[in-house]
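Before anything else, here is the set of structures, which you'll find just below.
One chain, chain A, appears in both complexes that follow, with chain B as partner in the first and chain C in the second.
And then the complex of A and B:
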């Protein structure tokens, strides 16, 4: 189940950022390494909210800087 | 009418001939607004789009929906809007269903998807005579102009 969530999130982010899934290692920094800007960041958050039917508080957005943190965040709110 | 064009102009930097909202007629909290644009019989762009067969260009309907998204953003984020930031269109996914003709009245219903201090996503639906003529999902960024 956990792997499924990880795969789902990786695939979702890969689609939005147009980066191959294999390049999305858990520690790759969205902002520094993948040049994610405010537009891409809000797209990821909106897609994430839609998929998991949750609201991500605005203050949490800058705290999620890589895939590992996003997966961890998802596990916490969906558990 | 809730907002007249003067109030719209206090938020949007756009001016004639590129201001595509005349009024805001509904505001539902920070989630949804309905704006109106009256399409004149003699709008300049009808001269070329197309001679003898005037149809409002889809890109201008899209622009009206983008402007409406900024108005909704300003309602949700009044402190940021008060600083008169620059709004940049980032991405649009739009569909068009029917032509818009001279004399039509556009009702643009815009709903918040997600707003942050730096960007926004909104869904907009444009109707004429209760019929959907266009839809768009709009992603934009918001930057302070130093």
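And then the complex of A and C:
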């Protein structure tokens, strides 16, 4: 189950950012390393919210800066 | 306003019957139609099935594939046509001249696809889960802005949405900018893309050929019974002649006269006396260097017979066609002309193009909403 969520999220982010899955190491910074702009960030959040039917509070968004944090965040929310 | 001499130096076309100026011109010359059964959406609920759809367009041939995901169809079409036009004009856009170059685009219906998709999401998933990525493409000036962003054009960026006359109105706006000496060169574009929304809308208003007759785009023919919708993008580079000469550009033609006029009659009805159109033509003649006495013969041709009604992009397709006419010495035909109508008794260049030298072309844009515009393109020597 846990692995499934990880794979799902990695695939979702890879599709939106047009970055191959293998380049998406958990610690790679979305903004510094992958040049994600605010629009892309919103797109990730929107896709994430739609997939898991949850609403990410505004204050939580800036805390998620890489894939590892996003996966961790999802695990906390879905557990 | 000090009037500058303005010339056309570049061209990019994505039309239903040809991608790129060469293919477009040869299709026009041979009277090849771009009308075909629609593939982009399901037309089984309609009596009509045809449109001037662009089916063999591969945006990755013009634009980098990374980032295409975020670009809706209208922006893909316009950015690709703009790229062709910039290359054709051999215009090097850099930090030094970026403020001297602008973008002006005519479009009206082109964002409807994204609007519809966004709303579908709102209905299906609820307003909190709509697709944020669709939102930037939901505004009318999205495509025009994408051109500026992609090619780093900073002079100005404007979208003109005046329906059927948008193309020439956009051109006029750009010309005024050059005359005011606020800019030296402008990418003037026209773009529309087919969507279920505009197809269904025009169908429900009863505008389509095929509802009450043959489903055929046959202007001036007795069987004509409405329009067939088209799509595509056409971009021309116009510039101050002085600037064009200074940078050694290849000049296609010169902008001679232009005029526009709104006639207030009734929503969805042409003015019975065509007062606005007449006034537009007169204005275009007045500010050209032509005299009515110099015009001895006027053949009338409608390229809509081959590409359909492309609405706000229509005028730019006509300009692209007219540049080809002058350059390759032919008048494109009005195809599907078979049954004569006594009310239409002019020379329509029926079915076959005519080989002849062309020095001046008058282009008219007008629609049943009151907007009218006319433009004279002349040979540059």
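The working rule: the second predicted complex is superposed on the first by the 79 of 79 C-alpha atoms of A that agree within 3 Å, B and C clash if a C-alpha of one lies under 4 Å from a C-alpha of the other, contacts with A are read in each partner's own complex, and residues count from 1 in each chain.
In the analysis below, contacts are C-beta pairs under 8 Å (C-beta built on N, C-alpha and C of every residue); 3 or more make two chains touch, one makes a residue touch a chain.
Please read all numbers here as calculations on a predicted model, not as lab measurements.
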First (chain B), second (chain C), both or neither touched by A:18: second
Partner chain(s) touched by A:39 [first = chain B, second = chain C, both, neither]: both
Partner chain(s) touched by A:76 [first = chain B, second = chain C, both, neither]: neither
Touched partner set for A:49, first chain B, second chain C, both or neither: both
Partner chain in contact with A:4 - chain B first, chain C second, else both or neither: neither
Contact residues common to both interfaces of chain A (with chain B and with chain C): 39, 42-43, 45-46, 49
Touch list for chain B against partner chain A, complex: 90-91, 113-114, 116-121, 139-142
Complex contacts: residues of chain A adjacent to chain C: 16, 18, 39, 42-43, 45-46, 49-50, 53, 55
Chain A - residues contacting chain B, complex: 37-39, 41-43, 45-46, 49, 58, 61
Chain C - residues contacting chain A, complex: 66-67, 69, 125, 128-133, 136
